[in-house]
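Chain IDs A, B, C, D and E follow the sequence of writing; residue 1 opens each chain.
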């Protein structure tokens, strides 16, 4: 019962995020909404797994957490560099010593 | 004992989900990108920690707990890194904060938009 | 009204399908059309998976640990339901549409990649990805061909 | 019944697996071509694997002539659990046609690709071509509705990229390829949704099994919607009349090799699948089936035959002209099928083969000119008959067959279509055939007249005769058009057996 | 038929589907391409959650890695290379498509009422072939995950075709974006002045974990959700992450373009080769029961997979293993090839020349 309440709370939060993603106004708001939506979906999947007694499907939640990270970086490069091929430098103006 | 753990775990899940929900309200209501990033990243990590901890209490010591720990680690790695990158990118592209010690914008000032966003969405 | 509830999934699928089709045929931007196409293809996935769901069923994995959840679900069913539709006391959803949709998703991403690659080449050749402008340039191309070859 | 009765073309061990080898040979060849070090080696691989595939198709034809229908259970699981290849007389006819065209195209590509595609792209291009061949072969041989979708996509995704490669000659190939992709994907998705409706109603994906179970279902809106989706989807793939918008641009823009292969096989494979569904899967005696054949298919096909012939007359570029002509000829073929009689379907299959031969030869000849001459408009071809006589005469032979001049295969095809229409008392169809043929004569006549009897434009680049590697497959196709026009035993017997197989399975 | 879990799943079904419809309509409404792409990524996430509710764990997995991951990155690469929002479309141009959509949609909704009820266990779809797979997989093929059994064995030919489709897509993208002066594949000098230590450290920690996880997903496919296709995309995502953080030049040094293209072909060859071996040994194409000749099969120790008393289908077992390896190779290298195509293309070729 508690898990169901948790699921409901997450669903409402997801709807609010969709609203922010549609409204914008800046592109960064949209990325933020998409990224945060991803985190909420990870939680939703985990909770659903327990709600239906199928915790072994946490794999899907795990893979989301991963993908979310990669897509966020891709989006950031999209804005900052307008290219997916640029490397991200380690520090301002110079390369890190270990590179 | 397990019964009690289930209730405590469920309670944590509910609190975590509520925290996420409050964060989402913040993202919807706050005035500029930086405050929204703040709201989202803080509540996402906090909410995820609470909810995953709750689920861990429910499942006890099983392989699933390990997966939950991994998910938690990923979220803790992803969300702050993403928030950092996002704020970095927004600041780098000339977004000015609307709230903060550095500058106070009167409420009747024209709304700030991303210059790039403006040319993209001007046709809308 | 009861039909609306029992066929709600199909109605939702049809709405998404038609939204995708509308984007494909109403939008002039090639990238937007590919997005519409992806939406359209995903509606086929939703349709197949809706067909495969069995009330009170669990995922088609027969591992003992996985089946436990199925048993718990089965315990909630009316008597006789599991005996009639279940296997070893567990009701499973239908695995076949899942397999088909795995294939369809792959086909979808393959189409998306090729379509976007063509769109990128169109942008390089025409300087735009708007269908109207491309058509206008193509007409000039055809006319230029005519003029160039006129005796 | 067919000349293949006594044909044991391959060892029994190979023949037993021929249905799958026909498909797998070009598929493995595609991988090998992608791995091969250079253009030349990929061409050799392409020729060898398509030749092997053709050999197996011939062996398969012998087997089918003796055994009737061959069911090949892939993975050793009998249908409906596993996927079965179903090879009957009509499927093997299509497989022969496609693999033969695949071989001709592969031989032709040795020289033709050089002028049209960057040399470093050749290995990947040959790989894409072989995937395409393999996809169409799989499409006609499979007995599983969903597997057909997979092969449809293999062939299509390969084709989109190949068509787009034509942008080196004309950048309009790119938007054309994009439109083709959109229409093709919408069509394939409609098809798969249709199959989903049928699966929801019958619970099986095997076409034969589906047919059996549909008979007991009676009138069901879901089944009818499924059929409508399949017709719309495959209609888009087959360039059926209102859904043909993608075809002229794609055929006109693609590299010649691709135009040759597409014109000979692509729409035909989709028509074949559509007919398989119409006759094999759907109970034909249902009002719905009749309504579809006579109320929808026949009028649309007739409209295509007239309207697109007129468009061909007014087209300025020769490739576009031939492309419009393809849509019109597809209309002829569909009219034959829509009669749903033994004579009508047989005539449709016969004309399908005839059209494949002549249209492939015509596009090949255009490609042969293009090697030495960047000709596109009709006026560019003025007087080419004297400069490149071999390719021009081959083009003229193909064009004669297209127009239905006696002693060509096209004539026999049109004649048998008219006979079938008369037999079925569809006089209006005879009128359509007559008008369509007349219109064909007009545009074909314009081309041939320009080529032979116009003086070349002064100062225009001079054409040179094409190399033997191009002329050989061209003349094989043109020669076959004449040979089968004189002695049509082979294609006619195949068409008759094919029609019997299609209609015999109808309940 | 009541029960808390059943009712909960019905409610989630409705809520998530409504969310999907809303997102679809929002995609149609927006003219900003980036918004549309982000909404599609959100759509994939929601649909994957829905797929979990529908018991389709494998499909949810695939939708997660493909829809939210690979597709989004490809789309981002494409709008970087095309640039621009969609132009305003005259409303009159929308009337015909809208009418078409509404009329077809209405007919379809009517037609779908002829389908069996949602969730009906005795519908033809669920009671006929689908049920046969559930009943027979244990004795005929072996894996606990019936989806894997159907995918790799019963309908292995479809999966071969699926692998070929993705191979063809890789070929197509390579043909179109991988050649010519614009396919520089080596980016312009990097911009300085940014500060990305956090991301670089995070990526360094994550990439080995992701690779490891890909192999877990690959070999766990027999037992639970997952399989070669998902694993292939995850493996490719590891390479893409490396490319995003450390730059394309270094990634290509690690995974050369030609190598990626060749491995894709090798994967398909491996798959088809397994089929041919089965044929040579006297079975049908892809009949894994004939993968090993009887002598070889006798040499396999009975306790290879633990319980020696349980009957094993060694041919099926190893056939599925090899076939999935082929799929893994093709899928991962193809996704990497596609990423190279889009990320390595330069939009500025002619502007640079000027």
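By definition in this document, a residue touches a chain if its C-beta (ideal position, glycine included) is under 8 Å from a C-beta of that chain, and two chains touch if they have at least 3 such contacts.
Predicted, not measured: the structure shown is a model, and the values here were computed from it.
Asker: In contact with chain C and with chain D at once: which chains are those? Just list them.
Answerer: Under the touch definition, chain C and chain D have E as mutual neighbours.
Asker: What chain pair shows the greatest number of contacts?
Answerer: Answer by contact count: the chains C-E.
Asker: Find the chain most remote from chain A, comparing centres computed as mean CA coordinates.
Answerer: D
Asker: Among all chains, whose Cα centre is located farthest from the one for chain B?
Answerer: Result for max centroid distance from chain B is chain D.
Asker: Using mean CA coordinates as chain centres, what's the gap between chain C and chain E in Å?
Answerer: The computed centroid separation for chain C versus chain E comes out at 13 Å.
Asker: Roughly how many whole angstrom separate the Cα centroids of chain B and chain C?
Answerer: Centre-to-centre distance between chain B and chain C: 30 Å.
Asker: Need the CA-centroid distance for the pair chain B / chain D, whole Å please.
Answerer: For chain B versus chain D, the centre distance works out to 56 Å.
Asker: If a residue has to touch 2 or more other chains to count, which residues of chain C qualify?
Answerer: In chain C, the residues touching two or more other chains are 17, 21, 30, 51, 58-59, 66, 72-73, 96-97, 100, 103, 107, 110-111, 114, 117-119, 121.
Asker: Give me the residues of chain A that touch two or more other chains.
Answerer: If we look for residues of chain A contacting two or more partner chains, we find 1, 7, 14, 17, 24, 27, 31, 33, 52-54, 56-57, 59, 62, 66, 68-69, 73, 80.
Asker: Which residues does chain D have that touch at least 2 chains other than itself?
Answerer: Counting only residues that touch two or more other chains, chain D contributes 146, 150, 153, 157, 160-161, 164, 199-200, 205.
Asker: Okay, what are all the chain pairs that touch?
Answerer: So the chains that touch one another pair up as A-B, A-C, A-E, B-E, C-D, C-E, D-E.
Asker: Residues of chain A touching chain E in their complex?
Answerer: 1, 4, 7, 11, 14-15, 17-18, 21-22, 24, 27, 30-31, 33-34, 37-38, 41, 44-45, 48-49, 51-54, 56-57, 59-60, 62-64, 66-71, 73-75, 77-78, 80-94, 96
Asker: Please give the residue numbers of chain B that touch chain A in the complex, ascending.
Answerer: Per the stated touch rule, the residues are 7, 10-11, 13-14, 16-18, 20-21, 23-25, 27-28, 33, 36-37, 40-41, 44, 47-48, 51-52, 54-55, 58-59, 62, 64, 67-68, 70-71, 74-75, 77-79, 81-82, 85-86, 88-90, 92-93, 95, 111, 113-114, 116-117, 120-121.
Asker: Which residues of chain A touch chain B once you look at their complex with the stated criterion?
Answerer: Residue list for chain A touching chain B: 1-3, 5-10, 12-14, 16-17, 19-20, 24-29, 31-33, 35-36, 39-40, 42-43, 46-47, 50, 55-56, 58-59, 61-62, 65-66, 68-69, 72-73, 76, 79-80.
Asker: Which residues of chain C touch chain E in the complex?
Answerer: Going by the criterion above, the answer is residues 3, 6-23, 25-32, 34-36, 38-39, 42, 45-46, 49-63, 66, 72-73, 76-78, 81, 84-85, 87, 91-103, 105-114, 116-121, 123-124, 128-130, 132.
Asker: Quick one: in the complex, what on chain C touches chain D?
Answerer: Touch list, chain C to chain D: 17, 21, 24, 30, 33, 37, 40-41, 43-44, 47-48, 51, 96-97, 100, 103-104, 107, 110-111, 114-115, 117-119, 121-122, 125-126, 131, 134-135, 138, 141-142, 145-146, 149, 151.
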